[in-house]
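To keep things simple, chains are lettered A, B, C, D, E and F as they appear, and every chain counts its residues starting from 1.
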């Protein structure tokens, strides 16, 4: 085995090459060969794509139950029926000594999660309104790990590890800037609290894979939706902390109204300036992220190769052409 | 004062007639005449309509703060600037001895509220599913009086005393009948529980007048809406009673989905058969009540004199013509 | 040939097994082998699915014209190019002696058609309004067989034999129950007559296969639609029977308005209480059938595996989980 | 009485002037003066507008039942409460000797109805397809007078005497011209027959005043609508004349589809080229008439003074300014 | 005349009081009294409202042509028919010596226009991209005075003097802040140029009163709209300055896309990140201004007294209640 | 090589047949065989369809850069993996001597382009209004060749060579006919000028293949759209020719409004009669062409085999059945 091929990108491997390292076990299924021998049929995955594979003469312990986890494998690439296939000679659950880097395997936010979390916490910690501050810090304390890890969505945009955190941090940055521009109508504390809490119901809306990506909407996610779940949760925390009723209602309203329009699933339409602005801030960050992800695959001066569903199903243009 | 005119309908009084009895004090405003004397300018109301009036040389105690309450008055009707006006010689807050009948003064459900309440309670008491039964009875216990008295709406339909109760009782009747027709897909207990609970958030959505009519949407009614408020309240009761999570979610889903379509304000769309059926039952009772209220003012074989906003803004036809 | 495999479900057959019995000849095409011999290439179908097949050295009489009919076959299952294929040694049109049960072959209503028809006829026969009764019974007399046999739709829901009858019978059950709850506004006879007649235009809207399933929309079905066709037919019958004009118009209106909204293809919006209620009853039965068909393939406590197009394109939840 | 004021325009009369002549009696109501004398309170109307009036000391025979008819009056104009009022000394139903010209009193098409009717009949008489010709001529024969007289609508456009005829004649002119441009796809006979028949159901959709204007939608007009009524009537005539089924269906389809979109009330969408073109021709004539009526009250180079509801509720521009 | 009543607010004047000062002559109409004397009937206006008035025995020179201009008047307030009326003894066009303050008379932006203009110009002057800078500064140079004075709209929001400037300055502030947050996708120069230019077509879209308020949409405003007019104008300037084609197209696209959705009148939907963000910034500033104007008439802790058409026609809540 | 197979339709060729002639080189890709020899893998196309092919042992000069051009080839058809494939022995760019007929290879208008162009020019040359005439002829002069050649669209309808010309010529024919029917409201010159100019922006909206078909929307086509581009171009020409401002605005308005509704991309809605009529004429020609293209593949008396996306996604009926 050549050292160059340790943790090689799956899509870069060529027939005949050996490789080893940490990969996501996407699916696995045991079978029996015509010769009566057990084998494992599987799919490996990393950020570059997927690769089907076989482990001949193998009866376990790795099997279907390990799907969604990281494994350490070693083997060779072959051509089989016009496609590539891995033939593995070893497979086992990865352990700490393997030094696996999840960011090589599953999509991850392009910014450092610890710095983003520190920023968010720093802003909340200095919120001028102590009631809003108390609610935010309580919610953060109780959900710190999940909040920092969760993707922002199953597909569309921010569907990578720490996506929710990145989306939230960006929105708080916007909130700080815009509250300065509209001081006559905007209560900075309320706006920032809303930005922090608006998607908190997503913690209950998703089921996740062992690696933290969204696998499916949860039962309560489908039956009630993250907007309701978030507003209910924040209402409960606010009551527990005995903050004044108007402030509790405003926090719940910020969450309940943040999708702005009934056809986008809002519970109510924004009735105060902070709720209206929050809905716009949310829209801005969603759209800017869509452009970021699209531009990453588009040359300057060109249109995107695909229509972008979440941006009006249009081809998008990346400025920067030569003329 | 002739006895015939005790509690006479205001619209039936003619100039020159005296009258006395209990009426709603719709508005009242103190003033000072050009001669420097205090007077009270007011509007009386009963089911037949309104009548402006004056109490000359009157400094109190009845004034603007009594608006919305029932008063006992005595006076005479005059013609003033092409319209009728009452000139009162006595006015005071009504008391128990006056034997005022609110049903003469404010719109009231056309069915006996006690019988309707007994019916609802009877059905809930025999619900087969003990978890759903516990939630329903707890909610009823804690809100019996308000639930029995509240109108169903500010305008549109069921906007009379006991309107919410009548709407709920009708829906439970429907639920019982339809659960028998679709036993393969409908859990009768869940459907009936949903019918009872679906509008329970209206208890918090409205501000009411002293006589119990809806005066305005409340602050939480406007910021969160009765669908959210009801689903949140039922969620809290269900948690308190420790019923299984799936049942709690289903009850909350029934409420959250009962307006069916985003453009009608639903939080989520119906995902189970009972939620879908509940939304239809709600629609049916609303529409049948609109027809009942419209037909009350339409001859058989004729179209309604006005377009009916809540029924597609159409003229409605009351069958029963002679040909 | 083992007796177990007489009329075996096609999807359950394994390579090497022999089978015989009645199946739908889905398609058939004659060909000539490289050796110059005639053969028949075909697809068999039953409720379990389809199976391609060959009859070697066969020149007829069964051929493309028999597609859509039931045949009796005998043969063996082989594996060919990674799939199953039947190789038949006998094929002929099924006859009475074969005792073929269509319910094994094409989808059929889950209730006994004769009992449903008897129920419908019984209700119509006792309709209080003799004019409405006369129209209904005349329409039934002239279309009994087709009415009892036709599916309710080409796809979506009720797309099985006797589907129209089942849909109609359910709606009449609803009509009976709801007319009792809203006697102030609902004329029971008119509502039930509307429930019986509302989809009668479907008799002209569909072309059917020899086995009675909907193959395609007919020319008049596409150019005028079942709502128009039904209202026109009922108008003609009512004129022929000389019922009063208002009743004729009301019957036609019930049909013309039963899709409620222009975007659902209604001709007019419901203008009387019975028409409004009929539209809701129709919606309820459609939705309950969608849930019935979906739940049949969904475990309790689970969401449907597919989005359900006719129910908002959502995943549907079947209550009954363990928690 | 000066001769200049015989049949004077009501809006041009000034206080103090006498007048006489034929006018529409818009409304009339008998009353009794404080002195106990009978009088008639009424409103006269002609094309220029309306004028309220009184006939003092008058007990009949003209009264409320004559509303909608033409009367001959004589009297004087006075100023009363800042407005004009007629005080009549004579009123009686107009008779033939009065030589009343309805075109001075009610709005009338700007073209000669006899010439328009002759044009329509001439085109139908020469239709190449004898089946379509037979249906059209039969329908015309049976409805000649009403067809020639009816307005095209209650409000919006063509709401004057002979409006339906003018609209139809214009559409037939368009049909002749456009059939020449698209001979590959358009059957001229079918298109012209559709143009003639498309609004024929309006004969049953309206109730009219004694002078022939639309007073209200009729019962069948509201319960079924002119599109259904027309397609049903033409279907009956076509069956009576035994024309081939396809041609009957096409004629009915032309009518059923001529509003093009569900939101405009179409029964089906156009499925053949003639139906599609007919819907466009109808739209064109409606819009051109709206502009004609609007331009009549707008100077060249100016926008209309009012928003025009039927043209997107916009201000319309009449070209022809000086720059 | 008391000095207190110099330039008094019109709504604050009481019957019997004298007043003098500068006011807007809203309308004026000459007449002749029954005594044959000329008089002027007029309406004065200032920010507090309007007041009808008369100048008896007055033949000019002030008349209908001065409507929309500022006049100096002196007179007295009387009560006439239950309302206030001014009876003037002097009226003449205001001149420089009167020291009239337009901000007392017509609505004016709440910020200093000179500082706002200096800010805008300062930012444009330092734009990093010299092509975009050249276009912006050229447009500003050619339209400085009108750009600084024009309201932002006829009604809705920013409908006061300097409204367009205030709207533009706010948007540039936003653009500066948000460009810092999304540097991966946003070209700061393009975004700021777009913010400056996006509504520049309004200079041609409105007709204005002598005092600078919007009186009406202009002919080209109605026939082409400010979006088209702006994009066309900027295209012409860019061609004149020979900036690269891509940059010209991007500037035009920013303007053409800034209403985002077809139903809001956009010419195209945003295809690049800067255009998308610009549309959101525009929405934010519009909405924040609506809240600012609404809150100015709403107490903390209360809902607005009126529905606010431009914010979903809802009642809006101003946070800050006592609980 | 048989002479019958010179320029044979690709879909008609059978395995074993030789052929030669001119074809479109749809795509081409060079490769190296396992034996190390260069080859060209390509797709040929003509109106009948496409055919994949190989040129063995071929190193050029024809390659990927010639894609989209016409080549002359000679070779043989083989069967390869259940499909047809050409094996060519010669390939070279076609030259004038080959006498290639593009109409055999790419879709072309069914009418003679020279006659259509002569018709259009003839009408414009005789336009009564000299200002409109000047603008039209100037635009035609500067774009004659491209205008005559361009397809009308990328897909949908008129997507063949000379499609824009055919669409424009048809619309001018309509304009001439309809201007005669509505002389009170239609300025014939303005309507015809609008018909000629309405899609002129398409000259800039498309990128084309070497053979003149639309390959893609251009950058300015996507960023600004043909409606804007056309109105801007015509505005520039009109300014250059110094025609009166109102006429310039009307011409620009005709273009800007010709898609009628915001959801169809119109810039403004039609405000004058000519603009309204133009939008309808455009719709008619689009729809008639859709029917023409659909009927070409549908038997009389039948529905189209496919749903037609551009006509409401319906199946369309071609009249002419036997009954």
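FYI, a residue touches a chain if its C-beta (ideal position, glycine included) is under 8 Å from a C-beta of that chain, and two chains touch if they have at least 3 such contacts.
Keep in mind it's a predicted model, so treat the numbers as computed, not measured.
Shared contact partners of chain C and chain E comprise A, B, D, F. Taken together, chain A and chain C share the touching chains B, F. The equivalent interface to B-C, defined as the listed pair sharing over half of its contact pairs by residue number with it, is D-F out of D-F, D-E or A-C.
Counting the residue numbers used at the interface between chain D and chain F, over half appear in both copies, so the two copies meet with largely the same residues.
Chain A and chain E have CA centres that are 45 Å apart. If you average the Cα atoms of chain C and of chain D, the two centres end up 48 Å apart.
Residue positions of chain F with contacts to 2 or more other chains are 219, 222-223, 246, 250, 271, 303, 315, 317, 321. In summary, the structure contains touching chain pairs A-B, A-C, A-E, A-F, B-C, B-D, B-E, C-D, C-F, D-E, D-F, E-F. Chain E meets chain A in the complex at residues 170, 173-174, 177-178, 180-182, 184-187, 190, 244-246, 250, 269-274, 276-277, 280, 283-284, 287-288, 291-292, 295, 301, 303, 311-312, 314-319, 321-323.
Within the complex, the chain E residues that touch chain D are 219, 222-223. Listing the residues of chain D that touch chain C in their complex gives 219-220, 222-225, 227-228, 231-232, 235-236, 246, 249-250, 252-253, 256, 262-263, 265, 267-268, 271.
Of all residues in chain D, only 303, 315, 317, 321 touch chain E in the complex they form.
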